[in-house]
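Report on one structure; see the data block that follows.
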Amino acid sequence: MDEKGLAEILEGFKDGSLDLGGALARLEDYPEADLGFARLDTQRVARVGFPEVVYCAGKSDEHLRAILERLLSGSDPLLATKASPAQFESVRDLSPGLEYDPASRTIVARRPPEPPAGSPYVAVVAAGTSDYPVAEEAAITVGMFGQRVERVYDVGVAGIHRLFRRLDLIRGARVVIAVAGMEGALVSVIGGLVSAPVIAVPTSVGYGASFGGLAALLAMLNACASGVSVVNIDNGFGAGYQASLINGL
Amino acid sequence: MDEKGLAEILEGFKDGSLDLGGALARLEDYPEADLGFARLDTQRVARVGFPEVVYCAGKSDEHLRAILERLLSGSDPLLATKASPAQFESVRDLSPGLEYDPASRTIVARRPPEPPAGSPYVAVVAAGTSDYPVAEEAAITVGMFGQRVERVYDVGVAGIHRLFRRLDLIRGARVVIAVAGMEGALVSVIGGLVSAPVIAVPTSVGYGASFGGLAALLAMLNACASGVSVVNIDNGFGAGYQASLINGL
Amino acid sequence: MDEKGLAEILEGFKDGSLDLGGALARLEDYPEADLGFARLDTQRVARVGFPEVVYCAGKSDEHLRAILERLLSGSDPLLATKASPAQFESVRDLSPGLEYDPASRTIVARRPPEPPAGSPYVAVVAAGTSDYPVAEEAAITVGMFGQRVERVYDVGVAGIHRLFRRLDLIRGARVVIAVAGMEGALVSVIGGLVSAPVIAVPTSVGYGASFGGLAALLAMLNACASGVSVVNIDNGFGAGYQASLINGL
Amino acid sequence: MDEKGLAEILEGFKDGSLDLGGALARLEDYPEADLGFARLDTQRVARVGFPEVVYCAGKSDEHLRAILERLLSGSDPLLATKASPAQFESVRDLSPGLEYDPASRTIVARRPPEPPAGSPYVAVVAAGTSDYPVAEEAAITVGMFGQRVERVYDVGVAGIHRLFRRLDLIRGARVVIAVAGMEGALVSVIGGLVSAPVIAVPTSVGYGASFGGLAALLAMLNACASGVSVVNIDNGFGAGYQASLINGL
Amino acid sequence: MDEKGLAEILEGFKDGSLDLGGALARLEDYPEADLGFARLDTQRVARVGFPEVVYCAGKSDEHLRAILERLLSGSDPLLATKASPAQFESVRDLSPGLEYDPASRTIVARRPPEPPAGSPYVAVVAAGTSDYPVAEEAAITVGMFGQRVERVYDVGVAGIHRLFRRLDLIRGARVVIAVAGMEGALVSVIGGLVSAPVIAVPTSVGYGASFGGLAALLAMLNACASGVSVVNIDNGFGAGYQASLINGL
Amino acid sequence: MDEKGLAEILEGFKDGSLDLGGALARLEDYPEADLGFARLDTQRVARVGFPEVVYCAGKSDEHLRAILERLLSGSDPLLATKASPAQFESVRDLSPGLEYDPASRTIVARRPPEPPAGSPYVAVVAAGTSDYPVAEEAAITVGMFGQRVERVYDVGVAGIHRLFRRLDLIRGARVVIAVAGMEGALVSVIGGLVSAPVIAVPTSVGYGASFGGLAALLAMLNACASGVSVVNIDNGFGAGYQASLINGL
Amino acid sequence: MDEKGLAEILEGFKDGSLDLGGALARLEDYPEADLGFARLDTQRVARVGFPEVVYCAGKSDEHLRAILERLLSGSDPLLATKASPAQFESVRDLSPGLEYDPASRTIVARRPPEPPAGSPYVAVVAAGTSDYPVAEEAAITVGMFGQRVERVYDVGVAGIHRLFRRLDLIRGARVVIAVAGMEGALVSVIGGLVSAPVIAVPTSVGYGASFGGLAALLAMLNACASGVSVVNIDNGFGAGYQASLINGL
Amino acid sequence: MDEKGLAEILEGFKDGSLDLGGALARLEDYPEADLGFARLDTQRVARVGFPEVVYCAGKSDEHLRAILERLLSGSDPLLATKASPAQFESVRDLSPGLEYDPASRTIVARRPPEPPAGSPYVAVVAAGTSDYPVAEEAAITVGMFGQRVERVYDVGVAGIHRLFRRLDLIRGARVVIAVAGMEGALVSVIGGLVSAPVIAVPTSVGYGASFGGLAALLAMLNACASGVSVVNIDNGFGAGYQASLINGL
């Protein structure tokens, strides 16, 4: 529930359109909804500007179902990440509005409308096709904020002309998300070419001494270009979230 | 040299106030100044919005001196980081305008003027007094962008009431820099309380299993709160740089 | 066998109610029961106050079955941890009293009676719903000591008001077990708010740079709050065991 | 300031023995004392039962001096850890009551009186003479809680008869602190012999593959004996603190 | 082929009982047998005293089959380690003499006869029942050298009386192999109690911060007792091999 | 497309054999072919001398199929690495010319003709039969450059006479690729025996403290012999690629 | 001694210009010179094409002096690496021909003559001025092979136009050495732009999560560009050595 | 005190040559000598065959002096390891018999007599001159057992002919100690050439990715040759100790 929702309830009660019981009922799940095993943070919109996002990995089907059911009973956009196909199957009957993207493993509902064409945008730049799932998780998250996103994929530095040909699109962004596995060099090159803040997402793409994304993570933390910060390995969601906060300033 | 400087030279040449020799002389160091062992990136202001910053660690006294001398011959603000007291001694005679802060080990010259009182600001929040040097590196960097910075120090979560008493100041910021060593929990707590983007700076404060800041770094990368990204251990400069880009949007 | 059991045998022999053969038979498995491949530590109750607990991971079905059979022939409470569903299937016919909890993967038998309502208690506090299995392993272990346990789940610091609303319950505990994955910040926040000893349990919940729980483990070892100690990643049992020792003082 | 101190002020104001100005003056540093660069957590005694302890490493002489000065102006016991000899020299003139122990690098003032002879005690058990500084940090911390401590040093498992000869003293303790470097096996052996909770302290004693105490830390976290929890490498203070909380139950 | 076999061929040729073609045929596979993808080291018995042992992990069924077939065509004892059940199925028809032990995953053929009862022996001491497979790999290897082995299993230090009750058997050994997972403390305790050399085998038994046996490995390398050396994690074969070399001196 | 192909188009247009539309059509995919999710680097032959190689791991079947289809529409040799059998099944109908090697997991098409017998060659030397897949990936890559390769397999240092018997073949090479898992000692021995550059490939063959090839990787980076450089763990392709560049000089 | 030197001695003896004693005296140090504590590998020129290079770190002054003295008594070029200024002081009186470069910490004597102007060359490309010492170690090593070297320094990717302006020089090289610390992205960018083999040298330049060069090392091993291999951190010598082997083909 | 010493005291008391007071006085330090901060394990000779060895690192001068003084009052050989020159200075006046070796940093007293010429021996084989200190620590330890030791130094595999020329001496040993830093390949080569057990000692010689000896340690643990076990990095003492136990069988 965001501040407007809270104000409506309070004013409804004040002007008599809502009696005490009704007001309490609508406030019942505020600032948390107690499911016994879980306490949904229903105050989050008011406090940090976006509703609680569901991290699906490691949750039992029963827990996940109960959580989504409760969130679907509200009216906020719904975003759930790292959901396996089997998890989606176990909840898809909850609402016809649930959509699943198997590449990024995200479940969404109640997508915000598309932003106007000339809106400031977040550029999601990805190094290789194997980075596609993480890049899409970031792009979908930005979309759930109702913001504009531009995708620039497969422009890794091994063929750097591909990147330069899209430089205008990247430089036009208010924030850039740079997604790369292996050695993550894309981040440093972009960081040296744009004046927008760059949020780097290391991916676990690679093998051997990539150590599950550690190589890319360390590289990005040590990027010689300024203006770069980093999120967890494969955390497209986190990058999309922060980029949206910045793009919305 | 920023775009305005470039334009002045070109127009001076066009309107005759500058002859060819003079124009070339002023462009001699553009887009790089070749010192033999170093190539200063004089195009950086035009390209990414801020002049090249000097990373002093590992540079010989001769190299550092030559680089600062060249930069001082221009007119951009000057910032040099990770400078030891001995390094500062070896260059301090270059200009009376050089200032050294021994805590953060920064050298600055040509500070921009203070921003107006009500400007949007960056809040630099630090967990403990041992994190002071890194926090100051961040705050000084923001100042070199000519932006407003508010310091909120020694508010680690072991005495969380200290943090809550300053929450209004933190929540008022356009961007928050959170600096912490040891377990870095401050970042997650702040991330859950504000709607501004949070840039986390792990510090090497700690001992034993802190492994030189690794514990704080990993903790911040795994922060359960959204809206957080992370820079390198002890990289106050990097956080201040990115925060300034965001605050200036 | 505890000290009382030993004394009974010895006095039975002294007063003649038990002849030598009978006494020896009852002592046959003391201080160890030799199964060939295993030697059960039957002296453990007398020595450290709780019978040997069975760690199931890595044991063959035959070995596990033989061990549980022998332990069921005694009269002490039985606790087996990290048991897969398949392992439980392979032993469930040994006794109708065997209970299996699939979330925490524990097998128990001969649960002690519930403690009186006002007993001193252990609070098990968990950050997220994905930490539920580990938290339950801790809570079930405390129950096997016949002690009172209070569960406070899903109160991670990303929505810290959820924690504050339960602070009285947490502060009323004689010992607190704090369970968290990802960055483990819950531990430091609780450590700064209570005067009871806090036993921290990092969990393997997370991905990427959580490195299987390493991030949470390091964070907890570096907790800036005092009064905290740490057990192995996912070791709910170990935390429950030590908490029971302390709660029973 | 503890609860009693707060009550005195409030009642003094109520019964007129303290006027408003006097009450405010005495409350000025509550719940925090603002030194600009630091905010002393003066509420800590009331909240968690022990005043703020000063971690000296990484603090400048000026900061350390200002902090100790402020704490000495109160009446609580004072404990500062990881203080170098030079740091002590820079503050020793603040009060004749300051004592420095060069082995454990602790500064103390206002030691509590010795506890009565038969009090419950904490046993501090150390493996080798090189572990002495960490063991002493633990023992001194317990002493600052006004509790009884028994030292059992140099009883590492390479000569296990030395340990068995002191087993009665160890078994008589309400809590055991086990301090060891290298492979840390002492912890597992003690954990299997006592029914008291054991707090393990890995030390950085060793070389090569001890990796600064990592070997001992990992060993202790994996101790096969139950009832054991672990603090950071070389964190004698943390173990002493938690042990005192438990011993005081 | 050992030195005796070589001598027989040479002398057979010298005394005419073997013509040139026959001698060459018998020497064809010496000092290596070329299978195209593999070169069997047939000189090994003569050079280091034991035939080449087959490491099965990662070998294709075709390669493994060809190698075993060639080795079975000789007369030396055959030992293959880390063989999966499926691998054994793919080769079991090669000879009725092939035996498979599913716990230790070893394949053997042409076992040497049992050594006389009073022979010097290797003691294989294991901490827990989960360490059984690795301990058996060691014991079977010693048996393939035709040497006596005594098994002392499940005597971990959490119940140290179990170890002391078998101390005579352990002290009677010419070499001791100590096998343990988790924290590996068994090694240090044994090292302090015996005068024989101790070969330590860390196992991957454990979870969380055991990091696949790393904790035990580091602990054993740092054992405070002298006379200890260490082999790779789970390398029962390597320990058995070296112990046999020593026991055979 | 290589430089010759580009020139043909341009000259065809100049001499009229190609009209504008035809020239543009043939240049459509130059310097990149845009598949939406991927941008094939068609300029690579001209720029670095070899067409883009497809890294299959982590690519969806749809993406992989689309990429291979486009590459097959050209005329360059085609090489795809780290392809699972299932991936090959999903593309094998694209062309009868596709060949799959299940050991090295490579897909190739349009192999260059065999080089003349006396050509300079790359020697691929492998330590054990378990290293066969990685060695073959290297050898196949060299073959795709149309160069001569000599295989010397199963010559690990545990039976060093096997290596010395092939030393002439190894010493005759213009470049040596040395492939080894476990401790990787083969590299240092070869590095001390040849005057050609040696490219070392660590493999993930091993267990326990091999940590997925880390042990071999570190060993090779620290090789005491000069003239050695190293590629990623299991990166036979990378070694073959660089060796071909060198062999082609 | 190289093959020519050996031949001269042998032919001198054959044609009588050298008697037996003289020949033996000149062969005394072949194929090794025994200094008691050291055995100089005097056969190395003949075997691998370059004399033994002295690694100075960790050697006592006495040992270093004795080794250099012996090598100076021959006629091969002399190269000693990682020599501290104090070590050079302890040997500088051995010969007026000894030269010391304090940046790269190399000692050389008997430099080969400069190669002709148009010779094929090695390009040494370095990212930042802090990488200068390692780059110089590489360049000096190439010079000791009597080969041409071109230095392209301070062209890191944060200002990528600096690199592009020197691309012709880099592309003209027969081999490229790329030296970079921090995130090492320079290597991937160069690897995608040239067709020569690239030898990457990670440096320890950086702080925090660079972990002494580990970040750059891992990045380079995972470079997405082909044709790259890697040497040890700060191993400019190793890169120069291998590059010279390749350049000399 | 060894068994003979104990027997003498007991028999002296029995036959009257020693009265009760005298016997007790001589037994006062048995089985441990209590120095307050330390408990010397005086039973060790009787139990494991060699007196307690003093590990000097981390001990204060006072503690070290007291320990050596007590040990010098007995009659056993004395060995102290890892002693800095300053530590030796602080104790050298205790006895004229104390000898210090600055390379290996060992203090010895009461050396046993030289063993007869043809005695079985331990071969200490070292790869490079920088490994000399660790090799000497091993050799001196063997000497303190009164056993014969043969040194074979500077025979690393980069010039493998140096090793082969000494192979007879190495093969003649009853036990081989192999000492190497960097990549530690010497161990695998020796392991494949001898039939004696090999004890491997990794050293911290190296830089960069040697990570303080970790590279050599991992390599040795993964040695492809059988018959090898490993001690801690730089632990020449441990290898010498175990080798002496084996050589003495």
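As written, the chain order gives the labels A, B, C, D, E, F, G and H, with residue 1 at the start of each chain.
To be clear about the criterion, a residue touches a chain if its C-beta (ideal position, glycine included) is under 8 Å from a C-beta of that chain, and two chains touch if they have at least 3 such contacts.
Source: prediction; values computed, not measured.
The minimum number of touch steps separating chain A from chain G is 1. The set of chains in contact with chain E as well as chain H comprises D, F. By residue number, more than half of the contact pairs of A-G reappear in one of the listed pairs D-E, E-H or B-G, namely D-E.
The distance from the centre of chain D to the centre of chain F, with each centre set as the mean of the Cα atoms, comes to 60 Å. Inter-chain spacing, taken between the CA centroids of chain E and chain F, is 38 Å. Averaging C-alpha coordinates per chain places the centre of chain A 38 Å away from that of chain F. Between chain B and chain C, the centres computed from C-alpha atoms are 50 Å apart. Listed for chain E are residues 47, 128, 158-159, 192-193, 208-210, 214, 217, 221-222, 225-226, 232-233, each touching two or more other chains. In this structure, the chains touch in the following pairs: A-B, A-C, A-F, A-G, B-C, B-D, B-G, C-D, C-E, D-E, D-H, E-F, E-H, F-G, F-H, G-H. Of all residues in chain C, those touching chain E in their complex are 31-32, 37-39, 41, 43-44, 52, 55, 57-60, 63, 67, 82, 202, 204, 212-214, 217, 232-235.
Residue ranges on chain B touching chain D, taken from their complex, read 103, 128-130, 132, 153-155, 158-159, 161-162, 165, 205, 207-210. If you check the complex, the residues on chain E that touch chain D are 127-128, 156-160, 182-185, 187-189, 191-193, 206, 208-211, 214-216, 218-226.
The part of chain A that touches chain B in the complex is made up of residues 47-50, 53, 174, 192-197, 199, 217, 221-222, 226-233, 237-239, 241-242, 245-246, 249.
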